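These notes concern the structure reproduced below.
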């Protein structure tokens, strides 16, 4: 069986696991107050080119989104997101659980565009009864989006400027950030993200870690008593070392970027092969998720040897499927998949 | 430096880490739907002697308490606990964050006694305006308690019977359960806990795992859509394998119990040495946490070579300190500590 | 100045206020445990033709919606509503504050149609990752809707049947219920609502009361400890008599229905006059809210003598305005308004 | 039957109800944006001697406590209160429902003393793991307390200074404020409360109104978007006039103070008579609630003709009962009660 189901089906990159083994029996204080956590933060700051970033390690994406959003919002505020945003669909109401509404705006290829945000805010501010509405308090985007698409630097800059005009912090969900940064199609760097976002997270779970996300505050804007907030949400690991040591390994010798690049190279190889064989794509994804349109028969035949994600039935009876590559995907498996297509 | 600060200062037991390495590159579906998770559950069920237990793997103690309690209570209900209970003090308001009050009852050596629960419930039910009060909806205990003490089988049986009389599910926080079960002073077995509690968790973070707790429902009483609830709380790991594979290792060849016994043996050795040297104990703990009374000078001298926890200043100017042993404590370190005392 | 701004701009119907005066100095126990509250419930039960209804008096619409929905849902559930539903827009996130998501479905003239609900639920149940989504737990509708429109008996029956097929309680927001029941265009009776809905509320604030809504449970399905829930939400009046005595007056000698009919008669008179004068309507409302399309100039001229609600600018530069009649509207004011149009 | 059960058993003072009648048919915009609401605020500001106070009208005490506390606290903060405080007992968990813990400190006759607060905060700030605790965010007191007792000006000043030293806003629950201000035993004036508290509420429900409390912010510290917060809590009346017009009447010609004085005079008459007849008091209350100790037989005999509150059984088999006078109590009823004692 070939595995292209998702980018979180294996454990951790071997170098990550090896680092955990190397420091396993070192005695360290709990809750993040240890030199390994400091080392990981220092390496992330170096990769970002900014030594003043505030960083916190958490275990998963939904948890990070919930805490980032809940800690930044006042209780009467909601978070604006593209209607396809992960927080608006696949997080089981984690934002509402923390008392806040997700304020959806129609997406364009999974993206929230500056012009649409501007229109939304203009209408909101012109609404005479806006005090009866949830107050918009921040903006959520994902990069890559849930469709594997990417903001251009121009799009991200425009969005950032619009957010600042309206006093809305801009938060980027980077569950697959490595795959976005290493795409040949992107002109957005990690430094750009630091400059344009108020907070964002660097995803580890889908990029080589057993678990873990690094939440980064770029303006000295980490809310006070953040440890208390994290604990209150049930998200404080006694052994924060588990996450920080993994990020220490991922940000040593550019491992995070190298393994992301690996996944992208294989995804591009797969895309090129699909196009060469005459397959249509649901959309032109520049990242590690490729959306290919198959006939029902093709899909069912392929299923016998390959695990993939059935994404969406099309009106004409065909079906879009998702193949995800990752840091763990092997070159020979991509070749085998191409041969089967 | 000698480390007796807590039982979560090292990584994982080597066999646990080795198992993670062995299965690292196996492709598995996410969110717990994999054979390793099933294997871990099967081994826990076998250790409990019951094949019908419902089990869920979570990452930490506060998270497990929050989800267990929030998912069992109706919104107008609160949870009864000893006033020294972890949820009433050191969890940063995680229970209140989920909308529920902790209803404290004065403790006896960290324990909640059946007679005190009975008195509380009698008063509650006799209160003419009890509909204006938070309704008691379940009972929380920890075993071992925050003071290292243990319920006797008689105490636990009486508490369980009182809970059933009032229709209150009994929940046991087993963050250090292994250390409780392996104490020479206990007459409570894992099978007793299964029989007497409605739900409990087997702690991994403090007993050999990098992270992880196994929440066990003993009456077919896992709330419906529990995955959704876990996701909503931000607690669903994409790679649930991280926790379940660790429990798989811990419950292979009785590893969980052997390493717990190791910690207990060293703790008893330390206790005996302290008593032999004429030290007083703050209380007679039968588990891996030992509370020893020192003079201020003794404490400060010891601090230069040993890390331990300053527990409580006494009215007479002396101080109670806590030495915690764990699965990771070395026999030679205990000897070195004894020599320094 | 003529007032057609809304249906809550005056105090209470004089008979309601007179009843408050008559019983003002009677000593009564608080919190609803009094004969006046029982009398009001009995009269509402009689009007509904069912002596087994459970009834609770609350002060306002948003409060009633929040408590009704929060008390019926499990914590992992959300409430389905038309995207134009009051809870989805003008309640400042009161549902999310209680931890639940509003699950919007596109409306048809403010209504949620059975076929659309069926499609939504079919897609939900076919979604392989539906456990990662908010679970649909009940259905909210308003009748009349926010646009003044009404469900036909056939529509309401179909919706009710669809709800039952999927195990979803159906809840009707009856903020303006009297105006809906007295419309000449309706074939839905109060008995129909009792038969087809699992819970609903009879609005008082907009129909003759100073404040107050009567929440009705039709299946013996009032959640246990409902007083505690109401108190927990800060919604329990010490003097519940304030609301129940008003409902006692409103349901004596059909006052509620008579004053609703009065508002409807005047609204129909206004509508007929508008149509006769050649005005277009934004939609054909059969209730006390009339939506008339004016030119910008007409609107501005009218504003000098009439208070009304600017509803919506049209793409062609014209504007839809809302005229609301109520129990308090005077025949001569409607004539004066017609003369000004 | 004589009624001394509580101070909320009748409707409204006749002058309050008359004012509601007088302005009943005036058309006013909803949600507090009307001249009557402004007039009521102006009169309260005049009574307080400060023209810069921010004032909001709400319907009940628990609602006001919940909104005042929730809107002032950050999500990781809790509210300190005497353990006998209303929010800690009889509000069904309304504070926890909003996500915050009540942090109880042992009371002295229902009061929270500055020295006890100082000790609590000193211990908190010296706790090395205080980031794992709920952060104290404000202080709640009631005046009169739940036992009818009053803070002296010295006590209130000391408490206020302690609060400011620790950066804790001081909030006073004034459900029975009028009865406290008119006690012959008090040296605390309304101006003192304005000067010493950061926010407080003037209770109407128990002092002559059908419903209603006036929440006062004394430092320009009303949180932004307060209307949105009130709406989100389900507490925004469409007809805010209902409450503001009542306060307009209560603060015209000192009505609030006159009717409070009436209740106090009768309570003092009752107390003097009890003492003269040799009854013991549970505590020496200077306000409208009198706590008298009876034998079981006396209590049962009295019950046949008088409604009162059974407060507490004493260890010796006697019982403390509460007689509450109010604005509505008649002189002849007090005489009749005295005759029966």
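Order of writing sets the labels: A, B, C and D. Residues in every chain begin at 1.
Note that a contact is a pair of C-beta atoms (placed from the backbone, for glycine too) under 8 Å apart; a residue touches a chain by one contact, two chains touch by 3 or more.
What you are looking at is a predicted structure, and each value in this text was computed from that prediction instead of being measured.
Visitor: Under the touch criterion given at the top, what is the topological distance in steps from subunit A to subunit C?
Guide: Each step joins two touching chains, and the minimum needed here is 1.
Visitor: Starting from the Cα centroid of subunit D, hunt down the chain whose centroid lies farthest away.
Guide: Of all chains, A has its centre farthest from that of subunit D.
Visitor: Measuring from the mean C-alpha position of subunit A to the mean C-alpha position of subunit B, what distance in angstrom results?
Guide: 34
Visitor: Once you find the CA centre of subunit B and the CA centre of subunit C, what distance in Å lies between them?
Guide: Chain centroid spacing, subunit B to subunit C, equals 50 Å.
Visitor: Of all residues in subunit A, which are in touch with two or more distinct other chains?
Guide: Touching at least two other chains: 75-76, 91-93, 97, 99, 131-134, 228-229, 231-232.
Visitor: Under the touch definition given earlier, write down the residues of subunit C that touch subunit D in their complex.
Guide: 3, 5-6, 8-12, 14, 17, 20-21, 23-30, 59-67, 91-94, 97, 205-206, 210-211, 228-229, 231-239, 241-242, 307, 328
Visitor: Taking the complex as given, what residues does subunit D use to touch subunit A?
Guide: It is residues 70-71, 74-76, 99, 131-135, 223-225, 227-229, 231-232 of subunit D that touch subunit A.
Visitor: Per the contact definition, I'd like the list of subunit A residues that touch subunit C in the complex.
Guide: That would be residues 75-76, 78, 89-93, 95-97, 99-102, 128-129, 131-134, 310 of subunit A.
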